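In what follows, structures are represented as structure tokens.
Next, two complexes with chain A in common: one pairs it with chain B, the other with chain C.
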Partner chain A sequence: MNSGRLSFLAGLVGMLLIGWVFFPSLLYQKEPQPLQFSHAVHTGEAVGMTCDNCHTFTADVRSMAIPRLSNCKECHSEVLGESEAEKRLVDEFVAHDREIPWRTYSRQPDNVYFSHIQHVQIAEIECERCHGSHGKSETLTDRQINRISGYSRNIEGQIIPGLRFKAWDRMKMDDCSDCHDERGASNSCLKCHK
Partner chain B sequence: MKSIEISPSQYVMVIDADRCTGCGACMVACAIENNVAPAHPDATDRTGVTWMKVVKVSSGNNGDGKPACYLPLPCQQCAAETPCVTVCPQNAVEVDQQTGIVFQMSQRCLGCRYCMAACPYHARYFNWWDPEWPEGMEQTLNPDVAPRMRGVVEKCNFCHGRYQAARASAAEHGQASSDPVTYEPACAQACPTRAIKFGTPANNEQGVGDLVHSSSAFRLLPRLGTEPRVYYLSKHKWIRQMAQMEKETSTGEEVHG
Partner chain C sequence: MSSALSRRNILKLAGGSALGFLLSPMPWKMLDDISIWTQNWSWIPKLRRGPVTHKYTSCTLCPNACRVNARMISETPVSLWGAPDPCVGHSYLCSVGLAGHHLAYHPSRVRNAHRFTATENGISSEQLSVEDAIAHIAKILHNIHVRPEEGEFALFDCRPHGMVSDIQQIFLSHVLGARYIVPDHHEGRFMRALMEMTEDPGQSYGLDFSRTRTLLSFGVSLFEGWGISPLVVEQFRSRREEFNIIQIDHHQSSSSIVADTHIAIKPGTEMALALGLAHVIVGERLYDPASAARAVDLKRNKPFSFMDLTRRFPPGRVASVTGIPEDVIVRTAREFASNRPATAIADDFAPAELIHSVWILNHLVGATGKNGSVVQKRPLPQPWKGAHRTPPTRLRNVPDHSLRLLMIDASAADTTVSWPDLRRKMRAENATIVLCSPYRPKRGESVDYLIPIHAPYETVRANPSGEYVATSAFQISTPLWSKSEEGCETWQILQRVVSASDAMTKEEFAQLEPEELLRLQCDAIFNSKRGTIHHPNNDETIPLGSVLSSGDFYATLMEGAAWSDDGVATSTNGRLFLMGKSTSSAQRFAESVLAFDNAGIDSNPSFPLLVVPVGEDVAARFGHVSPILSKIYQESDLKPRSRFAYLHHETARRFKLAAEQRVIIHSPHGATEAIVRCDSSVRPDTVQLSVSQLDAISPTRPRIINSYGGRVYTDQPIFVRIERARS
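Moving on, here comes the complex of A and B:
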């Protein structure tokens, strides 16, 4: 291999690293969750809860189905177990009746209308279809906010080249409309925009 | 020009011109509901944003009964040959087949204002300035309606946010999304004389199914063949004739509110 080709390849790899690794780390601001939480413990065999035990939907589309403190308080009125997060939950939130300011991974832009109730109750779509194995995760990852657009990286996609292998890799408009097409749901602008 | 029959499951608005007192409550309710910012100090009747606009129409004949009337003018939601759809280079206007609502996708709009030139009813408005709310008032914004930015066109969409909310509560009760839902736009709700009726003719909510076929029902500029989904009612012949705009009448427009 001659040196020209070698330096071209080295440059290409270098630029790809800058574009796909270095730049995204600059672009996205990491916001840690206020409290660590393990979905796996709650949905595991010992506790055996299901998604809808805490994530309840109402017709109010503004509610993101993020559980409220009252859900936690049903069991965690006092410290259960040894973990640091558990102690903080009781001391900082339950004791003062203060809601936990969870950071929503999947908040859509202002002009998007999304109703869980229509997807879960009427279309009977499983939670895993869009949220993947989030219900079995051990820890909560940092929310990554695009410094320019202000949108969460879960919307724009974790995979920088813009590929989608699983439904939950990305939550852009095309991803919504692909599923609407598959199921014969309307793709009229008005269905999802406001 | 082909004329189409409005589907009975699509929404229509029926405005009783004889009941309208020109108070402008509908204009205020509309602006609050749809996050229309208070007018810029330099805004005029032509450059302000008023999705619902009450115009005063004079008969030009002081001795002949009621000399003037007020007509609330929202987007007429044209069902046929919808002029704004045809001219838009961005595909930013869409007529929803299920509800019949003509929807402006402000995020797609490039601000060329062809649609404003094409609209025979002057129902479209351009954002000449950034929307600005006085300190603290931004907290009263309606989360069901996305605010628009400077440089795009906007218009009435039959309170689409309320439609979405009604659809969500219908879903909560197990109703499929293809079924029509009952809701009321902000202008109709605010009208103190109940001059604005709204619903689908099929379900005959608020009696609109009967009203659109009554002898006093008329639509604006019917000769254009745009088949508006906004109907007006008046027992006065001169008002009905004025809407035809076939013979020369002395009309003077004046904005109130």
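Moving on, here comes the complex of A and C:
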């Protein structure tokens, strides 16, 4: 292979590497959760909880609440098991009655009105439709915030070019309108942009 | 190695990098993110975060006084929608009302007074303080007071309705020589026409559709406007199966699509149809016997009597005039007379003779004074009953070139001022027009001073119910924002001007604040001990008698509650006058019918197409609506379409015209350009034009208008011909 071709390939591959591998890690600022938590343990057979046991509707019924410490204290007033996270939960938060500063993955932009109660109770959409297997995850991933737009990666999509292979890969406007089309719901602008 | 660093290799490296860059997500993702970033710059207003609360108030944009549920975030309204309403069951906001909270942020909003001066280069504006503007205007008023020959002072109340109009009339009665001017046509005209045909002194009427089985609508915007709309929408929602709507419309309107039956009529022939229906009802004795006994002139058989006039409109002739098949006319008359309670309605801005004919139909089927149709109601208790008032003068009755100083109260969103008509009333020299409005005047609105007043939902406003509801009601439009310092109400400006000019003969009302006026109105209602209070918070109704004091009543209304009067036992003994109570009104009606009977509305072969004026751009042209209503505009047919001429496909073919073709529309009075649009909802042999296109081709100005419903009436039919424009 001549040197000209090698130079071209070097530039091509180098830039592809930067664009596909390094750029995403530069673009998103990772923010670790304050405490590790296993959804799988809580929703597994041993405990058998469902999503809405902890994620209840907020007062305005628009959002599903991030559990408060009082929810955790119902079972975790004392250390259960031997995990490091469990010990930290009790020592750092329960013992001092301090709320856990969880970081929200899927907060919608301000210009969108999204009501969980309409989707969960009236349309009877399963949580997995938008949130995938989050309810069965063993650990909490870092929240990734786009340094330019300020949006969460869970909204923009985990796959960097914004492709969607599964329903829960993205939560962008196209995904909302596709689902509305599928279910015959209105796609009027004012439905979401109130 | 030396070859690897050659210029050619560097260029190839750059080329590969450029291709790699384009094949990576980097540029595309960056474009997306940067576009979002630009939406979140620090100077761009952001939605506040904070507790979500709900506040109940009422809409003042039109006289309907719809109940409003405002969703507030951090004490800022972010969305409005209808709330339970004691009078109509539930209020459903129109497209303009849904965005009523945007009006405070309207781009035309003004915070300071302005003086406008005509210069060689156009109009120049100078900002000045409200105090200075008032001082200037007071000086002019003082001069009028000293030298009455300079002309008159007048207030033009764009929406004469309720307590504020009362106050203005009483106040002006203490200003020497002051006039109180009202528009020639305004909301409630249809209901008020009934007073000319009944003998129930002291009573007014409202529409009760709660049991109506047949609604015969002569071109009323049932679903896309205001006025009667809230009453119809609620019944349509709750009793769809038994609420039969017959819509008579010259084009396929939103109402005609939703109605059970749409009768397509030749524009301008609605009165002939109404009298044709009356002809069938009388001829087949389908009328209500009790009503027939009350109608003193039903059986009179003299020339120009009711029988004589209806005899001129047999179904066969009406069919040829209106373009409606004879059997449809007969069937409609039978259905209307047999499927009762039945009510016929017409638009407030329809020709007087059509309104009169429609009331005749109501009298014949026994609708007047019947529950489920047209019911009697008591007027709202008045705090200033018996006070001396300046009588209202219709604009057309004001002598031309007589006004030296005119103040315009443009606080209503449905303000429809005909500026050329208004200008004609002003003196040729030294005339001054003062506009009291939250917004800058539009092009063509030549005013001399602008004084800012509050936008909707910025201050407390008395909000009595509209003319159509079955019982009187009263509510307070409470502000959604904390009181703004800039602006006040027109009547307060009027007080300050008059007080500063020495033109006032009595200091009554000079110092009253809006809240004090509201308290006086609440006292009057409370002392009547009538009616009930409806709390939207819990959807509960309690009798007024259970409220301890007038202060408690006022506080309850300020929380968003509404008072509504008790129903009245409707008297069925009063006499009815089909031709009109007074000789003059009977004569006027007979003359109009005979004029139509003689002339009809025949086209001239040179001008074969009849113009159907529509008011798509009325809201944008006359009122102020939220500029971000574009989506709603499209969905409700309100989007301005002033460049186009809408033709039925058959008509376009007949005149060898194609869609998107530029044409010139000629009438005997002028010509205008337009672009052809083919639309099957337009009636053949007519052309649908927007109201702004009429200026060039109409001999008179259009009679406006059901403000946001899009209806326009002209004093006489306009016929045109269409030619292709030369390129």
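Heads up, the rule we're going with is that the second predicted complex is superposed on the first by the 176 of 194 C-alpha atoms of A that agree within 3 Å, B and C clash if a C-alpha of one lies under 4 Å from a C-alpha of the other, contacts with A are read in each partner's own complex, and residues count from 1 in each chain.
To be clear about the criterion, a contact is a pair of C-beta atoms (placed from the backbone, for glycine too) under 8 Å apart; a residue touches a chain by one contact, two chains touch by 3 or more.
These numbers were taken from a predicted model, which means no experiment stands behind them.
Q: Let me test your reading of the model: by the given contact rule, A:Leu12 touches which partner, first (chain B), second (chain C), both or neither?
A: second
Q: Report for A:Gly162: first if it touches chain B alone, second if chain C alone, otherwise both or neither.
A: second
Q: Regarding the shared-chain residue A:Gly150, is it in contact with chain B (first), chain C (second), both, or neither?
A: Touch partner of A:Gly150: chain C, not chain B.
Q: Does chain B (first) or chain C (second) touch A:Ser115, or do both, or does neither?
A: first
Q: If you tally the residues of chain A touched by each partner, is the higher count for chain B or for chain C?
A: Looking at chain A, the partner in contact with more of its residues is C.
Q: After the superposition on A, what does A:Cys189 contact: first (chain B), second (chain C), both or neither?
A: Both partners, chain B and chain C.
Q: For chain A, which residues belong to both interfaces, chain B and chain C?
A: 59-60, 62, 110-111, 188-190, 194
Q: In the complex, go through chain A and note every residue touching chain B.
A: Touching chain B from chain A are residues 58-62, 110-111, 113, 115, 117-118, 121-122, 185-186, 188-190, 193-194.
Q: Once bound in the complex, which stretches of chain C touch chain A?
A: Within the complex, chain C contacts chain A at residues 3-4, 6, 8-10, 12-21, 23-26, 28-30, 32-34, 36-37, 40, 46-47, 49, 52, 78-79, 631-632, 635.
Q: Within their complex, state which residues of chain B touch chain A.
A: Its residues touching chain A are 94, 96-99, 101, 103, 105-107, 143-147, 160-161, 164-165, 167-169, 171-172, 174, 176-177.
Q: Show which residues of chain A lie in contact with chain C when the two form their complex.
A: Its residues touching chain C are 3-16, 18-20, 23-24, 27, 59-60, 62, 110-111, 146, 148-151, 160-162, 188-190, 194.
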